[in-house]
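Following this line, the structures themselves.
Next come two complexes built around chain A: one with chain B, the other with chain C.
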Partner chain A sequence: MNNDRTRVPIESEPSRTQDPADKRAQRRSSAARGGREGLVALLFLAPALVALVLFRLVPAGSAVVTSFKSPVVLAGVSSSFAGLDNYKALLTSPDFLNSVKTTVLFVGIVVPLQTAVALSLALLLTRDILAAKTWRLFLFLPFSVPLGISPLIWGIGMRPDGPVNAVLTTIGFEPQRFFTSASQALPSIMLVVSWIGVGYWMVFLIAGLQDIPNTYLEAAAIDGAGPWSVFFRIVLPLMRRPLAFVLVANTVANFILFAPIQALTSGGPKGSTDLIMYDTFEKAFIVGDRSAASAEVVLLLIIMLAIVIVQFRLISAEGTT
Partner chain B sequence: MTTMDRKRTFKISISQVILTAVAAVVALLFFLPFAWMVTSAVRPGEEIFRFLSPLSVYSLIPKTLTAENFASLLNGEVGRTVFNSIFVTALTVVFGLILSATAAFALSVLHFPLRSAVFAVVVISFMIPFDAIAIPLADTFRAVGLQNTYAGLVLPAIANGLAIFVLRQFFLGIPKEMVEAARVDGANWWTIFSRIYVPLSKPALISAGLLLFVGQWQAYLWPLLIVTEPSMQVAPVALAQFVGQYQSNFGTMFAGATIVSLIPAVILLSLQPYFVRSVSSQGLKE
Partner chain C sequence: MSGNVNGMIRGPIRAKFSRRQFIARALSAGVLAGTGGSLLAACGGDQQGAASGEVKFIAAEEPVVFQPAIKRFEKSHPDISVAYNNYPFDQLNSVLQSRLQSKDSSFPCYAVDQPRVPGFAARGYLTDLSDQASSVKEKVLRSAFEASSYDGKLYSLPLWTSTQVLYYNTSLLEKAGVEPPSMDPDKRWTWDETVSAAKETQKAGAKWGLVFNQINRYYQLQVLPESLGGGSGLTGPDLLEPDVTNDAWVRAFEWYRSLFSDGLSPRGVPPEQTAALFADGELAMFVGLPSDPTLEEAKSKGQLDWGLGAHPYFGGGEPATPTDSWALGLNPFSDQQEAAREWLEYLTLEKEGALLGAQNVPVPPTQVEAFREWIREVSERPTEPKGWDELIKYELDNTAVHRPRSIGYVQFEEVMNTAFKDIANGADGGATLQRASDERDEALEPLRRALEQQG
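Showing the complex of A and B:
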């Protein structure tokens, strides 16, 4: 495929490159058409802007409002202002603190693990090996399985009498309980999401590796640099941007992980897989406490924004080096 | 064998063979669950667990091939949900592209007050993952009667900030001289948009379309929240509920899983470069 034609020109700057004559022409006509162009812009923008505000910003705002109200106990009785009560209750609730702990543990293991495996595979599959494209395809394939479906396949595969246990017993291990064991459920979920995620993140790292100019690597080879020093001195620094993207995007994705938990464990056994997004869902629809759920949504949004700020920091820090 | 061929075969080094073997083993391990899903879909349901102990070739490869799982799936309730998934995703891609492209055109070509403020709204909106605000939004949707409707399933997904972002970045690369020339010729903004920008932006439209497609096809939490009527559900959620209800009927489940996985697999694998560029653009500095 022709790279130049398919490349989205992400680096181009808004109208900074206009020549002076162009700008003069714009200024001259802007008085006459300024108002009309604004009106045209409004018509072009309105549908998307209304949708973004209604379906993204307003619900975030309404979560903030609800989080400061007392829970509705009786139908028809409107709730009153409760100040920070919902947050206080949440932050002292062992269930919620367990969710936070479990989520941090989960993200803290799964993100570095997936990134390391994805990077290793990306390095392997950009070497001169046979049928590299086929192996890439196989690794990416799990991502195309919808998020609601892959937990089903693994749930059936890891049943007590399923094929995973059949393999384990054949090679001399005891059959395992996986999703029904408090100690194995979380690692089993990690396995499922890594099956989905590793090949997906790998694709972005492969794209990053292919952007490294060959001349750098050739020059290093001429200077007699070994594979490790090439990796740490050349490849890794040049991979900062794709790696930062993968780390941040993967962290966000796992922080709000929902489908595998809902489909496989419902947060159990004994709260061992009660990740924060599932906990919020449970509060809202099983417990029915919208106020607590909203406070949890707000905390989740704050965490998301913090991650986004870190992302911008990572990227702009790179600009200065 | 020609000398050329012999030379090439000779050039395969030991390390190349070892690395290829490692890659093949890892790739096949990742492929195995997918393969198991497909083979379980084309064999009779009662065969799925029959050949597991002891393990044999028939553990994975069907002894008897059958299409009965697909037939019973498509005749049953789940068949309709596959249609729902396709229909809802098609609507999302079409309307999402119209909304995103017009907004991107305004944000890259037209001059108006508060342009950077509007752009900031777009960026913030795709930095907030949709699932995080799905629960409060679902309450609003139910309050206005959008539960169990196609509109309820489609509307939140057509507001895609990243799709707008990707299209805007592409539009910025189209020379402004073309706009000026068209304006001199008396073209209005809609003509400039539909006759110049849209035809020139096929790669970006494919990228944005893929984002919308993946976003909707992968959706799980939102349909779960907004649909209670089984006939209105999308296939992935319906299949998950199906497994809960009919513990034994795994053949049909695998047939459904295969259908809803092969559709995105074919689309994503054939258009992968577009998808990678569009998703990774959010990680780059504006």
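Showing the complex of A and C:
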């Protein structure tokens, strides 16, 4: 660190003997180099930027436009400007309000739960324990099963007459209804998505933990810090960036969760798992009302953005990273 | 999710006559039909039409189902090739809806669930085929022709039709000392008789008593209130008013709920997994398609002995059985209409094509000659009990109840399937139907408004 502090100013300090004309020329050439570099960077970034515009911004813009139009439900009936009608209909529909409530409840529980479990596992598996790398692999494996397949496996496993209940009854528990009960279906979905998600998010947190220089931990140990104070005073503050990423990405992933709902519950029983994304899919592709579906997407985007902004604020307010 | 017979077609029938035999018979039939002059001039068995190019065709079945027909068609129409794409049953309708909404012209023909024909036609997703109506009418079963039309116009060509029967596990019934149900339609069991027999078998050791194949889909459950005179659930001049809270509906679905609350049927088993319960010998009685491939295989391998009874009904009411299947339609946005039309006509209106297309499915073709031939062939299989063909024909002619031909069918079916799942999971029948009725009223409102606007 000290070396860095002394070297940097010397290198960046302009030579006292330099001619002002030379200085101008140097500035021009560095500006030209900067411009060229910027152009090259832009060239390399172009495919990603084009994709971003084409696959994210254009559809989002089109959803906003469609959400203000009346639905085309019959041929020959043209779509007209509908103002806020689609939004009004949604915001007074008990089904949609139930979807919002269910989604917020789902995200509010599943994101902190998955992040906490992923962090605990990451901490455990970066220690000197037997076969740590093999454990990491096993925990990551569920993520490699296609998202359309793992819900099917769990669907069969957690059927009321399925193998999970067979195990439960063998060890003396009552059989459970899982996806067929309005009170157990949402927690069961949480279990399935966490089985997939925890190992995935854990990988990012392990990378973050491995980036913490050992010297800090050694210094803390020399100063006599206990494991809790090392965790709260050193590890957690230095993990702010990877944690912020996991928290935000996980929040977004769960807000737009769709495949397990479609495969396992279709939003039931009694609407208890009717997350917004599934409701949107139903409106757009089953009922065929793209205007209502677009309005739903716009509302989902607003809710999601609001929560992500709050998350960023909270994280940056606590530290300087 | 949609409720349709085709969702249950899991794989090829293990035909008890060889494939070569079948093709030979189909071919000879085709030639005979050709000489009879009943084929359309544009697409006769070995005649080649003027159309050419690649025809992309979308449906839900495994590729093996259409391969024999595609092969034969391409041979007799060397300028046309057929590229088949299949989507899982549960996804097909939403895939089609999204592609047709965006006026996708890349596929000229596709399979449409028959009750969806009015909705698709009204949205402009199907080419009007009425110029051919009179010729089609002669070639296909009357009821299938009607199910493929909307508002007096022909919008699709019917492919297959369907019915349902009551399977029973011979040894489980014997063990319980229960006399098996009769195949004679006049002596069919009532649902109450079926349930008491099912309970007897459970006392004698059967794990489950009675299960519907499409356990929570409108396709199979519509006949419960229909048998009690409760109607299809849609009423009004355009069939856009919900009517699912009348006494017959409530009574039918309280009865349905009791199947699950009394432990006769398992909760949480999706339609695709119900036949396996019967094939595994865990289930005493099963209401399903009359030549279910899983059950035929289990019987022919000697793993399970089963018999058949006529579809039950509610005592005091009328017998009612599910029916209909897929139709094939032309995508109006495609410019490959001619070649696609030749392919669809081959598969639906020619005996040869219709027979080859139904070779690997448990449902009969609707082309009249192919229908007769198919019924005869299947009834000769050693797995099917004597009188199988008579029962199937009787049900299709006398008790089949079509799903409502409404432009709001999609919205209707979606809400009802969800309600059926909730009722199976224990929700109160009357209250759930009331909620479904309100929800559906809301979902149908844009259609009613659009119709008014159209005048």
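Assume the second predicted complex is superposed on the first by the 247 of 321 C-alpha atoms of A that agree within 3 Å, B and C clash if a C-alpha of one lies under 4 Å from a C-alpha of the other, contacts with A are read in each partner's own complex, and residues count from 1 in each chain.
Operating definition for what follows: contacts are C-beta pairs under 8 Å (C-beta built on N, C-alpha and C of every residue); 3 or more make two chains touch, one makes a residue touch a chain.
Because the structure is a prediction, the values reported are computed rather than measured.
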Item to check | Touched partner set for A:D289, first chain B, second chain C, both or neither | outcome: second
Item to check | If touched residues of chain A are counted for chain B and for chain C, the larger one | outcome: B
Next on the checklist: In the overlaid three-chain picture, which partner chain does A:F55 touch, first (chain B) or second (chain C), both, or neither?
Outcome noted: first
Next on the checklist: Is A:D161 touching anything from chain B or chain C once the two structures are fitted on A? First, second, both or neither.
Outcome noted: both
Checklist entry - Which partner does A:L139 contact after superposing on A: first (chain B), second (chain C), both, neither? => result first
Next on the checklist: Quick one: is A:I222 in contact with chain B, with chain C, with both, or with neither? Answer first, second, both or neither.
Outcome noted: neither
Item to check | Which of chain B and chain C A:R177 touches, first, second, both or neither | outcome: second
Checklist entry - Should A:F281 be classified as contacting the first partner (chain B), the second (chain C), both, or neither? => result both
Checklist entry - Same chain A residues contacting chain B and chain C, which ones? => result 155-156, 161-162, 281, 284-285, 290
Checklist entry - In their shared complex, at which residues does chain A touch chain B? => result 1, 3, 5-15, 18, 22, 25-26, 30, 34, 37-38, 40-42, 44-45, 47-49, 51-60, 62-63, 66, 121, 124-125, 127-132, 134-157, 161-163, 166-167, 169-170, 195, 198-199, 203-204, 207, 241-242, 244-245, 248-249, 252-253, 256, 258-259, 262-263, 277, 280-281, 284-285, 290, 293-294, 297, 300-301, 304-305, 308, 311, 315-316, 319
Checklist entry - How about chain B: which of its residues touch chain A in the complex? => result 12, 16, 19-20, 22-24, 26-28, 30-31, 33-34, 36-37, 49, 52-55, 59, 98-100, 102-103, 105-108, 110-113, 115, 118, 121-122, 124-125, 127-137, 139-140, 155-156, 158-159, 161, 164, 166, 169-170, 172-173, 176-177, 180, 189, 193, 203-204, 207, 217-218, 220-221, 224-225, 235-237, 239-240, 243, 250, 253-254, 257, 260-261, 264-265, 268-269, 272-274, 276-285
Checklist entry - Quick one: in the complex, what on chain C touches chain A? => result 1, 93-95, 97-98, 101, 119, 122-124, 207, 266-270, 273, 407, 410-411, 414, 417-418, 421-422, 424-427, 439, 442-443, 446-447, 450-451, 453-454
Checklist entry - In the complex of these two chains, what residues of chain A are touching chain C? => result 71-77, 93, 95, 155-156, 158-162, 177-182, 266-270, 281-282, 284-290
